[in-house]
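In the part that follows, the structures are each spelled out as structure tokens.
You will see two complexes here that share subunit A, one where it goes with subunit B and one where it goes with subunit C.
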Partner chain A sequence: MNETAATTAPVGRLVNMDLLRWHLGASAVFLAISLIGGLAYSFQFHNLYPFEGVELLSPGRVRMVHTNMAAYGFIANAFIAGMLFAIPRLTRQPILSDNLGWFIFWAWQLFMTLTILGILGGYGQAIEWGETPIFVDPLILVGLVLLVVNLSVPIFKSAETGLYVSLWYFLAAFGWTGLVYFMGNYLPQFWVPGTAGAAITGLFIHDLVGLFVTPIGWGLMYFFVPMILRKPIWSHALSLIGFWGIAFFYPMQGVHHFLFSPIPMYAQYGAVVATIAIEAVVLTVLVNFFATLHGRGDAIRGNLAIRWFYTGMVMYGLTCLQCAFQVTLTFQKIIHFTDWVVGHAHMVMFGVFGFWIFGFFIELWPRAVGRTWAHPRLLTAHYWLTFSGLALMVVDLTAGGLVQGYLWANLAPWAEALEASAPFWWTRSLAGLIIISGQVLFLYELWATARGPVETSDFAAVGEVA
Partner chain B sequence: MERFGASFLIAGVLTFLLGFFLQGIMPVMTLSDVPIETLESIAQNPTPDFHQLAADYPVEFERDFGQVGPESFAAALDLGRDLYIAEACWHCHSQFVRPVSNEDVRFGPVSTAEEYQNEMNLPHLFGTRRVGPDLIREAGKHSNDWQMAHLYDPRSVAPYSIMPGYVWYFDDDKRPLREALALVAYVQWLGSWETKSE
Partner chain C sequence: MKIDGKFAIISFVTILVVVVAGLAFVYKMTEFYMTITDDDVSGFGPASVMTYLLGMLPLLLITLWAAISGRLRDIEAPKYRMLELNEDIGNE
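The block that comes next holds the complex of A and B.
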């Protein structure tokens, strides 16, 4: 266990655990807000919306709160926490400034609050995944730039002779995120109308997942998986191929969100080809991670963080496989505009990145509060409820999407498609309730652990489940 | 060391720019020869439905928009579009007809790029989900009265509907406020430039 002593000793000085704890806490709060919004919205589909007739909680507005808080509240906060842990440990340098870190933390939560209030007040922007009100957009851009400065300085100051793969992803994402955010929120809003604007918002929808969430997510995977398994990643060469392949192919797929639209066909074909090409790249990344797991398969059962990570990776493989098919014009005829796409979105944002974030929580929350998990059994229950709820939702929406798509193509009356969708929508609400019941346990466990009596500084086995 | 780190940052920016050129700039260039129509120009000829709206709700129309004309039509379209965005109507109603899956039979003529080259589509409202039907060919499919009743209580005219009612755009006597008039004017404008086939 010399290794443990060596790796934990400097952490206390390098990593700002207070800042990390607050970011994780904020992430959990926005997760709760997002889930409540999603559940309420899904009840509109049964004409049982809980806030019917309340203007400020109109279903369309609540839907935007659901998606934006998932992306910018839940995922962004947790990713910042992950990087606050990973970057100082990889570079042996603290972040540029703790004060700046705290400023970013409070500013970001203020922007999230403004986003919620703005959207509910009727100032949502018609940019998918960028509904943050127009007056919040410049604030978020400034916040992103400050964050990049605070987190990239230690990377540039690092005395290491070569940068680890995680840092490649972080640096690329630092370059991408601000550009993507500016492009998507400003060009279609002020300068590029109509069809060409749609090409750019398609690019934004795609790049937000591809150039912000994906690279930071994978960067953290390359850090946490070897750290917990205590073995290096299987192949450095495959890491290289994965990084450059994603960097090259990911940014040129935006138009696949608007196939058969009036956007010029060359852009549509290009997007389809690039999307299919990236699935080969994704396979190399997955092979690398599963080869790393080889010989330590017991960790899937014994370590909850590893279980979350690899469940997410299987989901990632599935979504990417799904992508390679669903971007073809053949599939698009039927599935576009249906619940299939909604199922896909949930599998990516929650089933992959949400699950990875739960893995970060498993590893980081005990360190952040200086206590071991109060009730590990609750965490296991949280895993199974969340996993089964999400799996049910994805299968349900995918099937429901096919039913809707074929009924529409066959010119069934609109009412008939709605009637046929009803059981799928009930199942979706049920799945949502299952997911939420898991999160109730999880939030309670976060609270109970933070209040727990046992203080410890040994976190070597924090993810172990009995 | 520093140069090595910067290379990833620069590589990220370059690949972004390449993708942005292929998937963003090139479509913009393809459409650059189609002039962007201003709202003022669109509103020069108010639609028959807008004239009818003034006749259907004379008191409210007079109160909120005055007389039918380019100025009142521009104001109604502008507000209607803003409310369509505020309520995220575009998350459940798409605004383009595809050339596949019998969509031209169900909704009307397939969409063309030129139709969206105007200020009303800043930002565009293509949408990505159809919980309700596409609206880009909605003009004239229903009467203003139907639209108004549907906006207040969708199930009063479409019993199967799962759309929420937007009662806050009406007064206590269920008479339309400025917002309801604007929304109906906007929805009835969508596709009004198309000649309807019989």
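The block that comes next holds the complex of A and C.
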């Protein structure tokens, strides 16, 4: 491990770069685990499952490892790393305690390991995106509380007279995440069973995206984009309007996951209407970021981090637009339970937040290891392989979902729907292989850079590409 | 009379957020509340509405704290200050 960045760089006084580096490293490890799980599961659809007959590695359990490690291993670790960098730089205050930071780091990785072992051992909780075993849930909640304390103290201690929008987003996520996690993992299991419990899991699924991943993701984007472009965000007022919109109007959308269910139709209509209307909030961030880019469009071509960020933003716009349509009863009649939904989930979690995280890596990893990127061309290849693989997967699953939905709606025999789906499933596996080949290059580049001979203190242009 | 384009865009989007998203949200929460009064899907309404209120209250307090402590006085200032801080701290 290189200690240079943490001990000699000026920012080392504010930011614990060692801790940040380990969180990024853990994020990369869980990304690999998640991708292997996803690829293995996709082969189940071709009767080529690699762990056939091994109960511990049965497809249903491996799929849960795939999704949980994407959300809580890959995304959460990278977000923590991003906040460890951004919060001290925005507040001029270090985190509350480095020791507490290390404790949280090791505890979080232990929780992820227990989650994998618990799910593979057959103890997954029957809650979508909340399959973390019931004995891990209290530990995660305690970990979240400690994380919130460690990261929020510098915000409240800051002597800065203004509160930048990123900090607003982080504070909202700090408040909502633990609450949403508690609601989704405990209420349906212990207090509100049956139909009401199912409705609450719907709220949990959507709030996890909207009140944990989205606020931290946008908070980090509001930090990194102006920092890299060296240009202030177009309108801070508009960014705050967007923040308050998401903080106060976004919660409790998820009933739209259970349309045509026994939940009263008037409650379903309420969720549908509110989901479509929330696109007004989405508009605030898209307008703001694209207006900020105005006059600096060359950065998309020349800076890889900016390219990742804005590609993710286009995906965000597309996925929100898709959301406004797919929550309607008209669309749901066709797409419910089809691969359309799987395509949508991949576009959101990987195409938006995963892409932003790759942008964070581009900016942070060289700083964290005190070296410039070893092979920038590998990073460009990583971008194109990942982008093309995901685009292929989303288009394929969306089209496949429509084919499945119309066949089911027309009461075609089940076998016919399966036969029609097969080419789409093969294409999905091919897309997965393309994505994974990109990540192999990326992981190698992370390793090569960390082990590289060139040390530098000039990180002004770490994302510049040829 | 010349209209400031930026001001017009921000005003339009703000009205859109407050009127469209705000009213739709109120409509949704009213429908959720009705599941309590109508005794439909017992437990869902209280759980969802209470969770929202619990999450919203701290944010409301933080917003009030920011307003009272003057953190919202010059609403555009923080975007310049964050760049200054980054310059001061350096590129590392």
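Simple rule for what comes next: the second predicted complex is superposed on the first by the 456 of 466 C-alpha atoms of A that agree within 3 Å, B and C clash if a C-alpha of one lies under 4 Å from a C-alpha of the other, contacts with A are read in each partner's own complex, and residues count from 1 in each chain.
The definition used in the following text is that contacts are C-beta pairs under 8 Å (C-beta built on N, C-alpha and C of every residue); 3 or more make two chains touch, one makes a residue touch a chain.
Remember, predicted model here, so these are calculated numbers, not experimental data.
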| item | value |
| --- | --- |
| Fit or clash between subunit C and subunit B when superposed on subunit A | clash |
| Touching partner for A:M252 - first (subunit B), second (subunit C), both, neither | both |
| Partner chain(s) touched by A:P264 [first = subunit B, second = subunit C, both, neither] | both |
| Which superposed partner A:V273 touches (first subunit B, second subunit C, both, neither) | second |
| First, second, both or neither for A:K333, with subunit B first and subunit C second | first |
| First (subunit B), second (subunit C), both or neither touched by A:N150 | neither |
| Touched partner set for A:V341, first subunit B, second subunit C, both or neither | first |
| First, second, both or neither for A:T132, with subunit B first and subunit C second | neither |
| Touching partner for A:G242 - first (subunit B), second (subunit C), both, neither | second |
| Touched partner set for A:L179, first subunit B, second subunit C, both or neither | both |
| Subunit C-contacting residues of subunit A that also contact subunit B | 160-163, 171-172, 175-176, 179-180, 183, 187, 192, 194-197, 199-200, 203, 211, 244, 247-248, 251-253, 262-264, 266-267, 270-271 |
| Residue numbers on subunit A that touch subunit C, as the complex places them | 5, 9-12, 14, 89-90, 92, 160-166, 171-172, 175-176, 179-180, 183, 187, 191-192, 194-197, 199-200, 203, 211, 223, 226-227, 230-242, 244-245, 247-249, 251-253, 262-264, 266-267, 269-271, 273-274, 276-278, 280-281, 283-284, 287, 291, 367, 457-460 |
| Residue ranges of subunit C in contact with subunit A within the complex | 6, 9-10, 13-14, 16-17, 20-25, 27-32, 34-35, 38, 40-44, 47-48, 51-52, 54-56, 58-59, 62-63, 66, 70-83, 85-86, 89-92 |
| Residue numbers on subunit B that touch subunit A, as the complex places them | 1-2, 4-6, 8-13, 15-16, 18-20, 22-24, 26-28, 30-31, 36, 83, 85-92, 94, 96, 98-103, 105-106, 111-113, 115-119, 121-133, 155, 158, 160-162, 164-168 |
| Partner subunit B, residues of subunit A touching it in the complex | 44-47, 49, 52-53, 55, 58-61, 63-64, 122-128, 131, 152, 155-156, 158-163, 167-168, 171-176, 179-180, 183, 187-190, 192-203, 205, 207, 211, 244, 247-248, 250-255, 257-258, 260-264, 266-267, 270-271, 332-334, 336-338, 341-342, 405, 408-411, 414-415, 418-419 |
